[in-house]
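Have a look at these structures, which come just after this line.
One chain, chain A, links the two complexes that follow: it is found with chain B in the first and with chain C in the second.
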Partner chain A sequence: MKQTSPVKAMTSRQRVMAALKREPVDRTPVINPTSVATVELMDMVDAPFPHANRDAPAMARLAATGHTVLGFDSVMPVFSIIQESSALGCKMQWEQKDNWPTVRMNEPIWKVPDDIHVPSDYLSHPDIVCVLDAIRLLRKEFGDDVAIIGKTMGPWSLGYHCFGVEPFLLMSLDNPGKTMQCLERMKEATIQFGLAQIDAGVDALTLPDHATGDLVSGEYYKRFLMDMHSEFVSDIPVPLILHICGRTVDRMDYIAQTGMAAFHFDSKNSPSESAKIVADRISLVGNINNPETLFAKNPEDVRAEVIKNLESGIQLVGPECAIPLQTRIENLVEIPKAVREWHSTHAHVHPPSHTH
Partner chain B sequence: MAELSDIANEFIREEIEEYLERPEEIERNIELFARIRPAMQEIAAALIEGENDVVDRLTQQALADGTEALEIMDDGLIAGMGIVGIKFREAMIFVPEVLACARAMKAGMHYIEPILSDAGVEPIAKVLMGTVKGDLHDIGKNLCIMMLRGSGFEVVDLGVDTSDDDFIDAIEEHQPSILGMSALLTTTMPNMGKAIEAFIDADVRDDVMVMVGGAPVTQEFADDMGADGYGKDALACVELAKRLAGVQN
Partner chain C sequence: MADTADLGDRIELLSMDKHCDEISVGLYEHPAPDGVAEYLVHCYSQKDGVAARLQFITSAMKIMGDMKQTAEGRLRFACRNGHRRACQRLFLEAGKFATGEALEPRSLSIYDKKSGIDIIVESGGSGGYGVTAVSDDDGREKRFKAIAGGLRKLAEMAEGDADNQAFFACGQAHDTLIGLLLPRALNVRAVLREEDAAASQGVLSAPSAQSV
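So, the complex of A and B:
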């Protein structure tokens, strides 16, 4: 760790924004770039699913608990990955309180590049407006104190939703040129929604684009997405946090070249190995395991994973992905608690830290 | 004991040399392909390459030449799919490539299946597969189905969002020996356990061996819910299904 003189106390928002830029922080921020909504939190603020995915005040109430109840440094109003797909015309299954809404991917809406159409009133769709209004409500509530992170889906993920996973992946093998055309057309939805969230008041955006090692190779990421993700950095003027679930170490070097502010990575990847690969070119966010640790284990197990991340030089700590809706609050509040206690016995760190 | 040089097809020799790492798998595949006729090796090679048009043409040609449908399936299609499964497990190929291989398998089976059915040839076992209630993700389940079919199982696909009643009705209708459940979401993973409880209540639990899988599922979770087995990926699913069906690898 690089030792520096203590950094004066920061607000949550300052801490998150500094860590995303790999600047000095008073302590490592704890953030939730995907979702920390749980059934318990829904009950606490009367904002159950699916209502909280479609009603701005409910969405804002539930998102706020990420800071007010759990003590995270950021709030995230987009709990799922379906708002854009709903606005693009995908068939939806909104589900109940105890499950996430999902796109009916086996009923795809597009087959060829010419089918792709981002409606002229895309940003007026109720499921888009809901997010934008929730962001405004959160900004009003938290002012400059808490980082508000929005979410705009990347074109690869939109491809799964709009073309169906198997047809989209087969097309990528059979006709890479056609696939690039599709990505070029779908990226308009990513950029439009991202810019609208900036106007509404977000500080940063998560950009999920699930070119995961569980489905495609690292070379696929390079071929289809690396340059496009660099374009997003130029076109969307807030720090971008790329999120890809699953195994990703084979593409982290490419991701680190995109200019993204951060990469939100999964617990299938070792924090220390990941930190070595990205080598301070990008911040890392993660990677507390969801199903085995946060969902099924106890606070001491959560603490052990937090410490493993801190000692590996991970710049922003948080769950690896959207947490299971039945996760106990005591496991979630342990994350910021463990971070604070770790820092009380360790010198302030000045990212980049792990190369020293 | 056969040698690599006993395999006629150069592509198959290279595949074994380049991609297979486990000694027992190398040995098993050398033994297998060394006894397979060159024409069937050619079908296996085309399948591994994901060339559905070539598999289609070679399968028709082999049938026209008088080759038994069972030989084409076992020595061409299933043998080829075996290599595909290993490459996928070892992350040497990924889902798009597996999908292309499965498409090639399907091209060949299009001609083979009706012949085997007419001849009354039995599959290894019948498997019911479904993604559980509330979950619309099916890529993992579909990969398992492709590999199971590519290994000689008959599979009935119940699709996504499968309710306990749908599973129970399908058990009664199809009388499978194995039932596979998949979930991608942590929210739907517990529905596997609920389904098993429903099978007990409906008095069909003892009729099937239950296997489970999916990204958030673990062996521990599978044990807790009372499943008979857990597979971490598509190839593990096939190995598990063979074990549950009492078949030696």
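So, the complex of A and C:
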């Protein structure tokens, strides 16, 4: 820990943007690179799923609660991971209020690279327009005060959705060249949606690309995705937050070389171990456990995890992934509360990663 | 921040109430100044009909579980014990009734399809209950034991000297609560499966972990 001079009070947006650049902050920001929507928040603003995934005003109302009710420094309207896949023509299961919409991956729409086609009216699809309009509504509501984070799915995730998980993984084993062709073609959807969200007003974008620790190795990440993720950094001119679930320490060194602003990491990776690997080359975001801590435990358990992250020098604190829809509000509000209280007793003391 | 009243700890949730516009209704636990656990039925929705629905669920918990309502609208057991697990089950069962449905405490006897006999639960005093049959019927001990085990699981009751017994920790009778739990105790595995399914509902999996 290093003593530094006080940083003057920042707005939520300033705080988030500074932390994504690893610049000094007045306190650690609390953000939600993925969803913090819950069924109770849906009730509070009359914006239930699946409606809130398909109607811009409802989407914006629900996203706003991340700041207005929970006290996070960011809002994030793209709750699900399926908006792009719906626009690409995947078969959807929109589900109901208390469950997530999903893509019917057992009914894939593509089999070979030549099948891949990003429609010319992709950005006019209602499920894309909904997100863009919601971002505009949020920018109008929050002005420059709150960071707005969007989301654009990476090509590996789109591959699962459009080819099916098993066919896509088998293709990567049997024919890496063909897989690269697919990724190259699908990345167009990632870039187009990302740029459209920037035009609509986002400050940063989460880029989930589910090369998850359970199915894909670190070497696979390097081989198929590392260079492409570097290209995204050049092609999409806002801070990018890469999201990959699971145990990912075997690829964090590669991720840290991509130029991404931050990595949104899972609680299967310890904060101190992860911070050591990325060594200040990118910011780390997360890593409060969802299924056990936020969903099933109590505010004091949440607080303990928040403090563990703060003491490890994690630049932005938040849930590790989209939270379960039945998560208790009292556990979520504990995250910013614990951050504020920790900083009140650690005034002007920042971990090394906050000091340059 | 706004609208998050200090309700206490949410200990149970009906994520979609099919009897009231799919609202989400929570059961909150809060210790009263005298240390007794009290419970509140709450929903954040401002829609028409929500207040009446919450009132109905609260009434159902009073009638079907013999809970008492305080001046502040919270519920507690007269025995001053929290009986949290039983209260959670009571809340979930209360939410299954449509608003306005006639409510009355259930009987302590029930026909058990599995064994083909009428089961009766008798209070033995000191918060103890024994599971037996209405008529003399030998060879059903395993079934009585299973049902008593079901009651113990559903209400966090203690074991007794005999396998067919279950005891409330407070040492007091809760006949209406036993009457409510008895139909569920006949097939407690189904209840546990239902609870597991409810707990996993709404958890977003990575695409690689999804089954559709």
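As a working rule, the second predicted complex is superposed on the first by the 349 of 356 C-alpha atoms of A that agree within 3 Å, B and C clash if a C-alpha of one lies under 4 Å from a C-alpha of the other, contacts with A are read in each partner's own complex, and residues count from 1 in each chain.
We take it that a residue touches a chain if its C-beta (ideal position, glycine included) is under 8 Å from a C-beta of that chain, and two chains touch if they have at least 3 such contacts.
Because the structure is a prediction, the values reported are computed rather than measured.
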item: Partners on chain A (chain B, chain C) - clash or fit; value: clash
item: Greater chain A contact set [chain C / chain B]; value: C
item: Chain B versus chain C as contact partner of A:220, first or second or both or neither; value: first
item: Touching partner for A:103 - first (chain B), second (chain C), both, neither; value: both
item: Chain B versus chain C as contact partner of A:329, first or second or both or neither; value: second
item: Touched partner set for A:172, first chain B, second chain C, both or neither; value: first
item: Chain B versus chain C as contact partner of A:123, first or second or both or neither; value: neither
item: Partner chain(s) touched by A:233 [first = chain B, second = chain C, both, neither]; value: neither
item: Partner chain(s) touched by A:292 [first = chain B, second = chain C, both, neither]; value: first
item: Partner chain(s) touched by A:157 [first = chain B, second = chain C, both, neither]; value: second
item: Which superposed partner A:195 touches (first chain B, second chain C, both, neither); value: neither
item: Intersection of chain A interface sets (partners chain B, chain C); value: 93, 98-100, 102-106, 165, 214-215, 246, 290-291, 295-296, 324-326
item: Touching residues on chain B, where the partner in the complex is chain A; value: 50, 91, 94-97, 99-100, 103, 134-139, 142, 159-161, 185-190, 215-218, 221
item: Chain A - residues contacting chain C, complex; value: 35, 39-44, 46, 48, 68-71, 80-81, 93, 96-100, 102-106, 157, 160-161, 165, 210, 212, 214-215, 245-246, 290-291, 295-296, 298, 321-322, 324-326, 328-330, 333
item: Complex contact set, residues of chain A against chain B; value: 93, 95, 98-100, 102-106, 165-166, 169-170, 172-174, 213-217, 220, 246-247, 290-292, 295-296, 323-326
item: Residues of chain C that touch chain A when the two form their complex; value: 1-4, 9-10, 13, 15-16, 22-24, 26, 43-47, 199, 201-204, 206-210, 212
